[in-house]
Structures are given as C-alpha cells and as structure tokens.
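Once you scroll down, you'll see the structures, which are given as structure tokens.
Presented sequentially are two complexes of chain A, the first with chain B as partner and the second with chain C.
Let's look at the complex of A and B:
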C-alpha cells in the first residue's frame, strides 16, 4: 500500500532549483521524442535550442517574444501570490491593445513626442479596467474569478473582431479585417537598425523592478504574501481583503494591457485579429516556472520564448510538426508540477498489514 | 581553459556559418497559415509544394504560422537559411513579406491573394475562384427546390463578395426566383462554427449549401441533412459522397513548379498573376451524376465557355441590391472592378457587414 505524506522541511534552495531540474528533464524527454522520431537527439536539440539564438537577429527575436510574456507573468504573479486566479490575461492584453490602438488611430495625424506615451498609458488603463470586472464581481458578488476572467477573453476577442472588420478597418484596405498602419510617432522606437527589438523592453524591465519593490519592500507586498499563505491569518490581521483583491487584479490587468499595446505599437504596427498568439495563457506557465518571483520570471520568459523560436527552426531544418514546441512547453510544466509534488509530499511504500487482508 | 573554450566556440560558430553559406543548393520555402491536414486551403498549397519537390527542387514548409508578429520572423528565417524563393500563402503575410523582401533583394518572394508589391523581388498571385462559383451557381439554381441557397462566408473582403455575386448571378440565370442567404462566420477555418452556420442555413430552408471556408464540416452537415453541397479548395467528395455535387479545386501546382523553375534558372520576373479555369489554377472535381446527365453536360459546356472566354461570370446587365446598374447590358466587369468589389448584386439577402 502507498501512503502520501506531507513533508515539513522543504529547503528553499531545492525549491528554487526544481524549475532548473524540470528544464533538464524536458531536454531529456525531448531528446527521447526526437530519437523516436528518427533524429539524432543532440543534433535536434541543438536546432531547437541553440540555432534560434546563434546570431544577433535571433537574440533580438528572443527578447521580442519574451517581452510580453515576462510583462504579463509579472502581473499575474501579484494575483497568483494572493490566491486570486486571474486566467484572463489574454483578454486584458487584447482589451489593452484595443484601447491603445484606438487612441493610436485617433491620434493618427499627430506626430509629437507625446503620442506614444499617451497610447501606452491608455493601453495600460484599458487592461486595468478589463481586469477590474472579475475583481469586482468576485469581491461583491462572490463569483468565481477563474470563470469570469476566462469568459471575458472571448468578449475581448469578439470586440476586436468587430472593430477591425467594421468601424476601424482601413478605408483603403479593401475591407480586409485590419486597421491602417499606425503613424511612425505611434510606434515603439527600434533599438538597433535591422533588428526588431524595441523600447518596450525597458517598460518590461522597469515593471519587473517596480514589482520586486512592491512585493518585497512594501506593506502591500506583505499583505499579498500573507493572504496567499493563509486567508484566515490575513483576516485576523485585519487586512482589507476586498481592496487588495481589486488592487492585484488592477496591477495584473495593467501589465497585460501594456503587453498588448507593446505588441501593436512594436512588431505589429496595426490592429488585426491576431495581435496575440495566446501570450496571456502562455504567461501562466511562465509565472509558475519563474516561481512567481520577478527574477525567476525573467528567466522563465526567455526559456518559454525559446521554445517558440525553437519550434520554428525545428520545422525549417528538421521538418517536424509545429506542435513540437507545444509539447516542450507542456513537458516543462508537467515536470515542474511533478517535481513540486514530490518536493512537498513524500510517497511511502508500506508493506501490507495483516488486518487489511 | 576558458580561452580555449572560447576559441573552439568561435571556430565552431564560424564553421557553422560557413557550412550554411557553402550549401548553395536551390531551395524553395512555403509559409502556411493552417495545418497541412486541413483538407482545404493549406492542404492544396502543400499539394503544390509536393509537385515542386517532384520536379526535383528542394522545399521546406512552416505550417500554422499566425498572421501576427511571428510571420515576419518565420519568413526572415527562411530567407536567412538559404531559401531562394519563398511562397507566403495567406493574405495576412502581405506586410511582413514586403518588409523581409526589402532586406533580402536576392531572394524572390511570392505572396498569395495580396495587392502590395513594394519591391522588385515580390510577386503576387491569386486565382479566379469566382469562375468556379459561376458553375456552382448554375448547378445550385437547377437543383434547389426551395429556391434558397445557403452560403457560408468568411470575411467581407472583395474575393468573398465576388464569389457570392458570381454564384447568385449564375443561379438567377437558370432560376429567376433564387434567394441567396448568407452567414458570416469570420474565420477561414473553424469546423464548429462552420457546421453551426450550415445547420442554421438548412433550418432557414436552404437545400443547397456552399462555403467560402476551408473545413469539411459544412459538407458533412449537408450530407446528414440530405441537402446538396459543394466542396471548397480540395476535392471533398469522400467526406460527403452523396451530398457533394462537385468541388472547386485550387490547383497551385503548375504555378509553383513554373515559378520555382524560373527562379532557379534566373528567368523569374515580378508579376501579378490572376489565373482561372483557362490556366487550370481553378479546376473542378468530377461532377456528381446524381444531378442528371443533361445538367452535367450543360455545366461542362459552361466550364469550357468560361475557360475560352466565350462566357464571363460578370456579364451585364448587373444590378446592385437597390436596383442601380453596375454593369451595362452586354458589357463585362473589368478586373479593376472585380478586384475592389464591395456591393452585393440583386437577389442576395442582407447587408455586407461593415
């Protein structure tokens, strides 16, 4: 018979090392899959993880891809740390993009230095407003925030569809479902000629720093942590639970909105139906892989971004299906959760006792 | 030790770069918007790629590339990794294709269904699918008993509206009482939405269903409901053997082979291609004998006439929904009008989503 027992002494260093272990297990598992598919596993893994970042362009692409993931995951960490399950970052990203994009179209004929900051700010506010909805419904009407935030993703998607097909579509675009290209002053400045990495990365870095400050150096951060560890304790301590729930959702939504506006003013340059390849959902993996820790999330976003790039190069050089990338993401999460389980619980194999027979 | 490691790393990278450059084989890359197994749009492009491969030219493809920020990277990677000709097979790749083309003047680019050729190494190509729609309209007009034709439409772009109009005009010619009912699904590929749309149209009395979307779901719904249907992009007959009267087939293979060989031999030139039944880019699957041999003969004749230019899908008089004349009696619509078509003809129900 098997017995599962909680471990009382989990060392912090092991706790922080398990994501690394999960990544190595993923590499190992991935190698086996490639071997079964008939490839030399080392060679295949090299195409997957090394080739995409073997030149400057690749490194820049890695950062382009990691920027929104990191930003969203940082925001989500506020929610997740305090036991608020915001699953709808994708919707908050899209709504931020809609608001930011709307402002960009409104200011189409302006070209001052003020244009971009206004767009970015309105994108953040858009995401924030969209995240307040599940927070308010949760605090005042006891709804389940997982369901509400998830369903709002579809609301945002359909709203975007409606806008780019109808009122906001490019008047010279033959009715194709996209807006016109934003003006130059509405675009994130490119950092290096010929590369796509843009100044949005600074927004991300500043956000990471501020998050660290809030989470570890302020009273709010302490409240968030305590509520995450034990809601009852938080209540005894007299923390205003409702206000905190709304604040963490606002932070999370603002981050997702920033990510959305960064995408449309950065690499995309217009609004259309596919402004995000599900960054909001992938960021959930990133947040947990990074242990909800700002620094951890930076590394996690780079690794997950690499699985996207790797899936593309593996397609080009090995002609394996695109879904290998998703398999890798799935494996990382699987091994992380699996090792976490073994970290917090131990499995005891007991012999059968007589009276049980 | 550290220096040694660094040195060997640099030399490995150098060799890697060198080996890529030395590999001067001619290669063609394809970027697909969907999975190669969609049995519609992407499936047919991949059939075209296989024909290029069969002609002795190496090919690579990348499937399910989202039309957002990722497209540019994928196209660039193909250009960077030694592909000499790159086909980007969805409208959403238009701007990324032109952007990458600017940075790789020695690589040729072919973008499907777009209208931007900003650099001399970008060509565009598309097919006159509306000629196939004319044949579908003729059959639908003859086969319907309820005088209602159901049409599952994707996006209100000129290409789709052109198809709706061509079909309606042809159906009216053989059956003046015909009505075209449309459901917009705002997707190219979503089996769930497409089958719901098909069911809704059947519930509204349509006994012929056709689609401008790529999955096989609508024909399967039609098969179950016992109404007629038409396949899209590839021959979908095996998914609904009783219901399907024919399929419009996108045959990209001859074009892909021709352009690949031209690029390899250095005779590739920028052009805007719009081929139809005549050149074979639009082809028809075998006609279902259930519609009777007389009708099959009629449609075959019409197909020949469209191919030879004796008949044209948009021959006047053509009126819009309000009764204003669009094309005068005896005249035919020119390509400019077809390319920008954004109004319904008389007999189509509802409004174009704006």
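Let's look at the complex of A and C:
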C-alpha cells in the first residue's frame, strides 16, 4: 500500500533549487529522446543548447526571444500569486499587438519621437482591456477565468486573421495576409548594428524592477500575497477582493500587450498572422520555473528562450522538426511539477498487510 | 433477520485529546438507537470507526457475535454496514442513476429494477435520470440512502442527517427510518437534537468527553434529563464573574437582522435582535452549525448586510467591510485561527499587518513600513506573553495557544470598543485557556464590550454577563448569566423551550 503525506517543513533553498533540478532532468530526458531517434545524445544536446548561443548573433537572438517571455511571465506572476488563473496571455499579447499595430498604421505618415511611445502605450492598453474581460466576468458573473481567458485567445487570433487578410492588408502586398511595414519612427530602436536585439529589453527590465517593488514593498503586493495564500484571511482582513482581481488581470494584460507591441515594432515590423510563436502560453512555464519571483523569472525566460533557438538549430543540423522545442518546454514543466510534488509530499511504502488483501 | 452489533472497549486517542475512552455499546435490530452528545463528545469518531474510516487504538467490533475488522470503508460495506454522512458524496453533474451505478457491481438493467423496487416500497419520488444538482437536499439524502439500501444493509448509520433538511423533509425521513427499522435494519442515529431523539428513537446512548455516560430507553427520558446528561451537571459550580454594570450606554444594536444563504450547508439567520452595553460580555451559546458562523461573519463584515440592521456607536455599519469596521474600533477573532485569523506561511509581523488601521501607519503611501510593523509586533509579543520575541518567525511554528495569544493581542492592542470572538479557546491547553479568559474579563473591566460566540458552556457561564442561545438561526431570549443553569442552556441548545 502506498501512502502520501504532506511534508510539514520544506526548506527554502531546496524550493529554489528544484527548478535547476528540473532543468537537468529535462536535459537527461532530452538526451534519451535523441538517443532513441538515433542521434548521439551529447552531440544533439550540444546542437540544441550550446551551438545557438556560441556567437554574438545567437546571444542577441536569445535576448530577443527572452524579452517577451520574461515580460509576460512577470505579468502572469501577479495573477498566479493571487490565485487568479489567467491562461490567456497569448490572446492579450495578440490584442495588444492589434491595437498597437492599428495605431502604428494610423500614424503611418507621422514622424517624430512621440510616435513609438504612443504605439507602445496603446498596445499595453489593448492587452489590459482584453484581460479585463475575464476579470469582470469572474467578479460579477462567477465565470471561470481559465476558460474565458483561454477562449479569448482564439477570438484575438481570428480577429487578427480577419484584419490582416481584410481591412488592414497591405494595398501593395499582392494579397499576402499582412499589413504594410511600419514607418521607421514606429520601430523599436535596434541596439547594435546587424543584431536584432532592440530596446524592448529595457521595457522588460523596467517592468521587472517595478514588479519587484510592487510585489514585495507595497500594500497592494501584500494584499496579493495574502489573497494567494488564503482567500478566507483576505476576506477577514477586509481586502477588496473584486477590485484586486481586476487589478492583477490589468497588470498581467498590460504586460502581455507590451510584449505583443514589442514584437511587432521590434523584430517583425508589421502585423501578420503569426506574430507570436505561442509566447503567451510558454510564459506560463517561465512564470512557474521562475517560482513567480521577478529575478527567477529573468533566468527562467533565458532558459526557455533557449529551447526556441535550440529547436531552430536542431531543425537545420539534425533535421528534426522544430516542435522538439515544445517537447523540451513540456518536459521542463513536467519535471518541475513532478519534483514539486515530491518536495511537498512524501510517499510512504507500507508493507501489504494480510487483512487488506 | 436478526442483527446484533456490539462495540467493546473501543479507545481512540488523538494527540492531546481522547476521542473515545473505552466505549462499549450494544445494538440489536428492530430498534432505532440514538447516539447523543455535544460537539467533540466522540460521536463522530465512534461512527468513523464503525464505517472503517478510522482505526481504533484498542477494542473490537462484533457483528452477530463475530469479531469483524474494519480497516477501510470497503470492509464496512462488505459487512453490510451502510453509512449516510452529513455531507453528501455525490457527483453533482451525473444523473441519479449514474451515481448509484458507479458504486454498484450489478448490471445496469438489474440495478434499475432493484432501485425502482426500493423507490416503490418506500414511496420515494425521485427521477433517476436527472442530474443530482437539480435535487433538493432531502432528495440528495434519499439518493445516499438508496445507495446503502441497494446493498441490503444490516446496519444503517445516519450522521446528523437533519442538519440540511427542512421540517417537512425531516418528517419524511423519520417515516422512512421507522419503516427500515420495521424491515429489520438496525439504525444508529447520531444527533445532538434532543427532540429528534425523543420522537424517533427507542434507545439513547449519551456520550460526553469520549465516554458513554448513559444508556437508556427514550420512554424513560425527558428533554431536561437528556440535556443534563449531555452537558454534564457539574457546571453549576463554576464561579461566574461578578456582574457590576454601572454603565448603561448602549454600544451595539442589532435589529431585524436576517440572512438567507444559497448554500444548503449554511444556516439562515432569522430576525435577530439584541443589543450590547459598554463593558458587557454577551455570550451566545449553541451547538455548532446553528448559525454561529454566519452571525460572526455578519458582525465582522465578511458578509455585508443592510446598513440599518447593525448600529455601532450610533452609526450604521452593516454595509462596511471588516477593515472599515476596524476604523470604528471593532475587533474580531474568528474561530479558524489556523487558516483565517492568520496565515501559517506568513511571518509573525506580516500576520500582525493584517489588522491594519489608517492611524497605525503600517502602509504609508501604499508602501510597506516594515520597521513600524515589526515594532508594533514586538509590543504585542511582549504584552500578550507570546512565547517568542522573533517577529520574523513564520506563524506555523507557534503552538495553538501562542498563536491565539498573538491574534487576540493583535486585535486588542488597538484598544477596540468591541471584540467579537468565536470559540477563542478551542483546542488549547489549560494554561492558554486561562490566559485568554483572564484577558477577556480584563477588557470588560476596562469598559470595553465583547461578544463571545462559543460552543463551550463552561466558558460562556464563566465569562458572560448575559447569555442567549442560537438554535437553527434563531436567538433565544437573552438571560442574565446568574439566572442561567447548565440545564437551561442544554434544553435551549437542543431546540427545546423553557418557562
């Protein structure tokens, strides 16, 4: 017979180390998969995790991918810490992109320093508005935010599809499903010539700092923490639960919207059908791998970004589909949840007793 | 079919509490047995042992003179012991029939015939093909009963079955139970409601503090005699606080307070009226689940009511939330100290920050003022003799008594005009209980008022100036504590009436 018991005291250092363990287990598991596919596991893992970042261009690409992941995950940490399960960051990213992109097209003929800030701000507001929908439905109609936020992802995707095929498609674009390229003043400034890394990274870093400040140094952060640990206590302390749900969704949506606008004004430069390779979903893994902690999320976003790059390299050198990247992301989450379970519970094997047979 | 069930010398000890102390009882089919007792008397533990949920430390169970081992609920089922718990174990979104068939190894067609027979025999009217969530509480209970009947039970145990039922449903249930008894099923009926014992049962065993204190026929008993046995007669000797009310200023007035809940497990409150004077302690007695939880939440502001129904220092506060009420100098100590009054994962000073005033300056311009909170916490730890001076300690490492001192300290250090506390001493050791009691007496002496909602009669008689009893969401009349006896309380708590 197997008995599962809760562990009473979990050491904080081990709690922070399990994500590292999960990453090693993922490497190990990935090695086994490559071996079964007939590759030398060490070589394959090298192609996956080292080759992509062995030059300056690779490092820049890593940061380009980590920038939106980190930003979204930081926003999600507000929701997750307070027991609000926003699964729809992908939709909020796309909607932020739509609004920001719309403004960019509107200001197509404008030149000036003010153009980019307006676009960025409108993108953040777009994401925020899209995130308020599940929050309001949850607070006033008791709907489940997981379902609503998830389904809104598809609404945003289809809306984007319609816009780039129909009203917003490039008049000179030979009916390709894309808008025209944004004007120069609507683009994120590139940091180094020849590399794609752009100033969106500063937005991410500022957001990380602000989030740390809010979560650990303010009354709002304290209320979020208490609500996440015990809703009963939050109610007893008299915190305005409904307002807080809306606030955390707004923060989360704004971050996702910023990520979306950073993508379209940064590396992409226009709106088309695939402005995000599921950053909004992958960021959920980043948030948990980083233990919902701003600093942890920075590291986690770099590691998960590497799986995107590794998948591309592996596709070129090993001729495996780029979806191996998702396999690795899945394994990270699986091993993280698995080791967390063993961290918080212990499994006791009891001998079979005769009278139980 | 004759069934005899016997428990012999059953003991079960939990850390710090003897739940069953050498309990021996005998039951025979054809009769309905009541197991009567207050909360914590040991009824539930005994029932859990009989249904295989809990293993006894000592003692044996005999069915028809044969010793049986009950290591799991499955063993209970195999031995034809059926059990209907207070809270239902049904899948709400599945149909009635699906719920029944999950648990049965019979073929669906056979099962349907059997269930229809049962429905006809006992005149149950339930549509088998609608989802359980559309049923009333009484109907859900019938589904649970049918689930037991399918297995041809020899013994049927009902754990406080009427707590979720309406009067009419209760009557129906009693008719069915009497019929089962006639059909040879041995029925054990767990309750703390005295009237039900007398109207339904043939024999009654009374438990108190883990022991069986009496077994008798209900014909020989009256409400008063059962009440006495249930609460114990030694209570009259407890010394009451001297009642020296000089001040007649009214501080709190509750008028026409009603509460209606959508949740069948909650109790509706029915037209409550009372008032509280400065420096007075009002005790509210009752067996748990009679509306105390709801009343506490309404007083604390976790449940918002009409503004006019609660007047505190001549202000309407019914619509204010707990934090806003604290600004008016109210303080609250909820029953659930582990997961409501404090968060175990938070440090002591963070738990102190939960009770936050504008004037306490814990949060200045939205930022946490950690030093201020820690300073304040240190004061609480020393003033209320909590057994640590480390404000960084997580509160999960405090013992129950120290945690309760911290909570009471947190609530009282702001010198509130009114403290509402709910079972402030449950599960504490004698030393901590005394400390809390002294503290509560002290605040009354300082001219502050308190409302003590408690299921512990000793505590109520010791601390209150006036006492009333809550039963099924209604308050009894309010009595001066020196005219109240344990017997009177017992009768009112069991739903009887005095005078």
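Operating definition for what follows: the second predicted complex is superposed on the first by the 354 of 357 C-alpha atoms of A that agree within 3 Å, B and C clash if a C-alpha of one lies under 4 Å from a C-alpha of the other, contacts with A are read in each partner's own complex, and residues count from 1 in each chain.
The definition used in the following text is that contacts are C-beta pairs under 8 Å (C-beta built on N, C-alpha and C of every residue); 3 or more make two chains touch, one makes a residue touch a chain.
Being a predicted model, the structure only gives us computed values, none of them experimental.
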item	value
Room on chain A for both chain B and chain C (clash or fit)	fit
Chain B versus chain C as contact partner of A:222, first or second or both or neither	second
Partner chain in contact with A:189 - chain B first, chain C second, else both or neither	neither
Chain B, chain C and vertex chain A (Cα centres) - angle in steps of 10°	130
Contacts of A:117 with chain B and chain C, given as first, second, both or neither	neither
Partner chain in contact with A:263 - chain B first, chain C second, else both or neither	first
Partner touching more residues of chain A, whether chain B or chain C	B
Closest approach of chain C to chain B (Cα atoms, Å)	30
Residues of chain A at both interfaces, chain B in one complex, chain C in the other	none
Interface residues, chain A side, partner chain C - complex	217-222, 225-226, 229-230, 232-233, 235-240, 353, 355-356
Chain B contact footprint on chain A (complex, rising order)	54, 57, 61, 64, 161, 165-167, 174-178, 181, 194, 196, 263, 266-269, 272-277, 308-309, 312-313, 315-317, 319, 321-322
Interfacial residue positions of chain B with respect to chain A in the complex	13, 16, 29, 35, 60-70, 72-74, 76-78, 80-81, 91-92, 95, 103, 115, 155-158, 161, 186, 339-340, 342, 352-354
Interfacial residue positions of chain C with respect to chain A in the complex	69, 71-72, 300-302, 321-326, 332, 334, 336, 339-343, 345-346, 350, 353-356, 363, 366-368
